[in-house]
Structures are given as structure tokens and as C-alpha cells.
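Following this line, the structures themselves.
Heads up, the next two complexes both have subunit A, just with different partners, subunit B and then subunit C.
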Partner chain A sequence: MGRRFWRSGISAFGVLLFIQACSNQTAKELPVLGPYKVVDNIVDGRLITDTLFTQIRPFIFYDQDGEEITEKTIEGKVCVVDFFFTSCPTICPKMKQQMLRIYDEFENEPDLVLLSHSIDPKRDSVERLHEFAQKLNVEVSRWHFMTGDRDSIYSMAKHYMIAAQKDDEAPGGFAHSGAFLLVDKNRQIRGIYDGVDPESIDLMMDDIRSILIEKSVLK
Partner chain B sequence: MLLMIPAMMACTSEKQEKINALQSECIRIHDLVMPRMGEIVNLSSDIKTLRKTYESDTADSLISYRIHLMKHIQLLDSAHEEMMVWMQEYEPNFGKSNGDDATIKYYESEIQAIQRVHDLMLKSIEDGKKVLAERH
Partner chain C sequence: MKFIASFGLLLITITACDYKPKNQGKSLYLKHCQSCHMENGQGLGQLFPPVSNADYVNIHSDELACIIRYGLEGEITVNGVTYNEAMSGNRQLSDIEIANLTYYILKELNDIEKPYSIAEIRLQLDRCK
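Moving on, here comes the complex of A and B:
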């Protein structure tokens, strides 16, 4: 009886080690996307060359509870960013389904925040976004549905796109492309995914796991 | 009487096919221009910035130039707004609570409506680009 207990205990430990090894494998190194500057600095008389990647610029929008959401709100957090609107008859319902998968998958992860910007702020008031969030039954602290000045929201969409590319070419369609962006703790873009494709979101969730365990060191 | 049933069923399925085709056409036209909504807002924003540079100038020619710029800002903004309103009011499930004939009529009129929005959007983009290219 006792031997059997130890045997099964050792087997369980083996399985745990295997799971641990597998989870270590998923912590892959993701590149920082977007334009960068190469800067030379003299430190202690030695020339040090640094590569500085673009950070997402400061912003001010309002969420479904009327709270001001800024870059300070997401300090030290990993973010999933998208653009949508509540009356969208085409891709947005599919995007929200995928976003809900991410929300559920990382239920116990306080360092992950979802930021959904409405590109129809005229109709998507704080009140309407509040109702929308209530229907989805999501917590405001983990998923901010944001509204604000229309031009600023579109300008932010363009900024995200430019920040994610190296050639400064921003297609005008990004705000309604269905793309999800993965932003790390340093406000740098680490991935772009197709928000209506479940397989692309599977990959994004793997990447989120890798980014969550990274330390916040500016690249 | 029994002979009429298959004929009626065939007619219903024909109407359903027409409804499906009309619905697809609405979304097809919408999808042609929806990706350009960002371009519309960015053009509007760029013309607003250009207009600001002439804001305090009282020369007659510049006043009329400001009015000209304002007209294009409004054209771009109203094209954006019309698309948003169309999407807000479009009923993808109209057929569930209405008969086939009414549904066909509804989607036919929606095709006309979204085509008008499509044309307005493309015109405002074309004109907006010209305004920025021909700046004073």
C-alpha cells in the first residue's frame, strides 16, 4: 500500500516536472514591434549603443463607469487593445467573442487589462458602454470599454498602427480591421493578431502568457 | 389544392434566396468603404489643423478659404456620420418579424441607402485629398 503510494507520488511529481518543462517552453521571447532609434551613450568612458523602441503615447479616454483612463491606468500592466463600436453589424460581435475568450482565460491575472476603444463615441456614450459591459457581465477593472473625442480615438488608432510598423505606413482601415494588439508593461507593441480568427487568438493567448512573466525593463 | 403546395414552397424558397442575395449585397457595399472610415477622420483632422493656421487672419481671401476648408470638414464628417447612422439603423434580422415581400422591399431600399453612403464617402475622400494637395 505504502509502496504504491510512493510510486504514484513519484509519477505525479514526474508529471508536474513535465508540465513545468512545457510551461517553460511557452515563455518565448517576442520581438518589440515598430520603429526604433539607435542611440549612442558614453557610460564610464565607454561607448554604449542602445536601441530605443517606440512607446504608446499618453492618452485620456473614459470607460463604461465614467472613469478617466490614461497611460497611468495601465502602468505595469499587459494590455490587449482593440477598436470596435456597439452597433457594428459585421465583425465586432465576432471580435467580442474572441475578447471574451481572453477575458475568461486570464480570469485570475490582475496584470492583464483589456482596452476596447469605441470608434462611434457619438452613440457609444459612457451610459451605453456601461449597458454593453453589463450584458457581457465583465468587470470594469479588467476590461475598459472606452469613449472620448472621435478624432482623438482615430488618431490613437493610427498611432497604434504606426507604432506597430517599421515603415511609418498606417493603413486608414486599422480602426475597423478587427485587429487585436498586444502591448507589454512598457507600453510597447509585441504582437498584432486577427481578432475574428480563433486560431490567431490561441496564439495571442500563448504570447500573453510569455509577456506576463517578463519584467518591466524598457527596451 | 395539393398541387399548389410544391409551387408555393418553390416560390418561398426563391424569395428567401433573393433576400439572402440582397442582404449580401448590402454588406458587400458596406465592406467596400468601411475600411476607409479612418482615412475620412484623419483627412478631416488634417483639414481642421490647416484651417487653424489661418484662424486669426482677417484678409477676405483667407476668410473665404477658411469657409472652403470648413465645407470639406463638414462633408467628411457627415460622410462618417451617415455610415455610422446606416449601421445603427440597419436591421440584419428584418425578415424574422416581417413577410418576404416586405423584407425584399426593405433590403432593396437599404442597398440604395448604403450605395448613397458609399458614394458620399468616396467623394468626400477624393475632395478632401485635393484640398490638402492644393493648400494655400
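Moving on, here comes the complex of A and C:
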């Protein structure tokens, strides 16, 4: 797992604390992760080199109420993203336990949305996800369990840099990573955490607080 | 010398402790059960029932061995909450491992003093439905 790598990366950046003007809140500046492009611009006759980070690309999935969920649904929201499947016997229950901690912690935060993608869309129908969400006693407006076209889900996982594949040897029939991603209001990835490790999720919740107070300005 | 002796004794005690059924029971629990029933046995929502302080465990204490080996499915009620999911069995666990796991769940997670002997566990396993 790349957890240690990301963690050290994140904490290295975490040292760069800055005090927000006009408020007493101390926020941690988190790096933007993922692929980027370096572009040269001529501004006022001078060469300016800019780094453009990629945004999470548009998508269409369906949640536990059968509603279409797209990039528009999460416009201006901070998202926690993961990949799972309901019949997974190994790491998923633990991931859902940690996801519930985040759900409870940010109960009064309408700008935070949880997106759980099923990598077993064949079995995880809208109805099944509905039942699953009901058994976790969570509200659809804050936590979308999503299913959809199989290939789109797998390519989305890849896009999020998360490993997921069908694997008959793996318990439950799928191999996947238990990572949680933190996506900011600009749909850029700002952190990757281990969804089965309570300490990693403590760190993630701190980071969510920092990201929530950021304005949505593209980096 | 006295110090070394008592240190040695301490070491022996610690090592001896490791072989208590509760310790094997605990490590078996962490390995085979906690992913669903959570580390303290508290369960998760209406998906996974609690196995700690659970009335079901108390009432069905002599079926625990069978549940561990052959799994469980269908509607059950645990502490007033209904569950209707499926748990698969653990055929790979030996009779002795199941005995230790049963002891751990009863004693450590439910505070029920009911140490079944290996012979009793074997009898229970022979009679699983």
C-alpha cells in the first residue's frame, strides 16, 4: 500500500501551517494530488510557468434512491470517495465503520458528501444499495451509495488512482484497495487515507476541516 | 541474582499467559471475526449483529460452536434489533480453536462464565443442524 508514502507526503506539507487572515482558524495547506500539466504562459512579456492539476472528470452513476449522481451533484462540495461492494467479507465492513465515523462527525456540515462506489454493480442494484444504506441508517443526501455501468466504475476507480478489479481468488470475488480519497470543492484530490485504519481517518477528519473552510478557487 | 530469578519468573508467567485459551481465542477473533463484528464485538448498524453483550449469545451459547463452523442465515433478533443477513462458516478452524474462540466470546465479550470442555464442544459440533 502507498499509505506510508502519502502520509509522509501529507505530513510534510502539513508542516506548512498558515494562519487565515480575518479568522482565527488555523488551517493546514494540503497539496493537490494526481496528474498535472506544466504550462508556460507569457504574461506581460515574461515567461510564467504554471502547474495545472487535473480535476476529477465528469461521471454519471445512480445512488440508492435511483437518482442520477453526476459531477453537478457535488458542485462546490467536499467529497469523501471510496470503492466497496455490499457482499465483501473482508475490509469493507471496517471501511464502512470508519465512513460512519466521518458521517457522524460532520453531521451538521451540508458541504460534505460521501460517495461510495460499488465495484460489483451486477449484484449491487439500486434496491440492494437502498437496503444497505437503510441498515446503516444513513441519509441519502449526505451519503450516496452508487452503482452504474461496470466499465465506467472501474475506469473511475483508475481515475481516482484506486486499485479495483474482479478477482475470483479474492474473498468475495473482487480485489480492491480500502483507500478513502478527499476531493475538494474544485474536484481535485487532496488526500488519500487508509479506510480501515482509525488513525489515518483521524488525520483525514482534520484535513476535511481544513478543506471545508477553503474557498473554491482552482489551484 | 534474586532480581534475575524474579525476572525469569516474570518471563515464564508472561509466556505461560500467552497460552491461555482466552489469548488464542482473542487472536482467532481478531483474525476471523472482527472484520464484520468489529474489534470489540459491537457490530455495525443492521448489517452485522453485536457479539459482545448480546442476548443472542447468552440464549444460544451452546450453538456458538456450530455458528462458528457452519455460519448462520435467516432472520434473527439480537438485543431487540432484527438482522437478516448471512454469515459464512469457518470450516478451517479445528475443534480446539473453536473451543477457545467460544470461550473468548462468552467470557471476554459477554462476561458469561460457562467454560465448555473440548469434549462438550465436540458433542455440540456433532449435533449441528
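Basically, the second predicted complex is superposed on the first by the 172 of 219 C-alpha atoms of A that agree within 3 Å, B and C clash if a C-alpha of one lies under 4 Å from a C-alpha of the other, contacts with A are read in each partner's own complex, and residues count from 1 in each chain.
Definition applied: contacts are C-beta pairs under 8 Å (C-beta built on N, C-alpha and C of every residue); 3 or more make two chains touch, one makes a residue touch a chain.
Since the model is a prediction, treat every value here as computed from it, not as a measurement.
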Original post:
Can A:H130 be said to touch subunit B (first), subunit C (second), both, or neither?
Top reply: neither
Original post:
Looking at the overlay, does A:Q97 come into contact with subunit B only (first), subunit C only (second), both, or neither?
Top reply: second
Subject >> Partner chain(s) touched by A:P89 [first = subunit B, second = subunit C, both, neither] >> reply: both
Subject >> subunit B versus subunit C, judged by how many residues of subunit A each one touches >> reply: B
Original post:
Looking at the overlay, what does A:K122 touch: subunit B (first), subunit C (second), both, or neither?
Top reply: first
Original post:
Looking at the overlay, what does A:R142 touch: subunit B (first), subunit C (second), both, or neither?
Top reply: neither
Subject >> Partner chain in contact with A:H159 - subunit B first, subunit C second, else both or neither >> reply: neither
Original post:
Considering each complex separately, which residues of subunit A are in contact with subunit B in the first and with subunit C in the second?
Top reply: 89-90
Original post:
Considering the complex alone, what residue numbers of subunit B touch subunit A?
Top reply: 27, 30-31, 34-42, 44-45, 48, 81, 84, 87-88, 90, 92
Subject >> Residues of subunit A that touch subunit C when the two form their complex >> reply: 89-91, 93-94, 96-97, 100, 132, 134-137
Subject >> Of all residues in subunit C, those that touch subunit A in their complex >> reply: 35-36, 38, 44-48, 88
Subject >> Footprint of subunit B on subunit A - complex, ascending >> reply: 85, 87-90, 119-120, 122-123, 150-151, 154-155, 157-158, 171-177
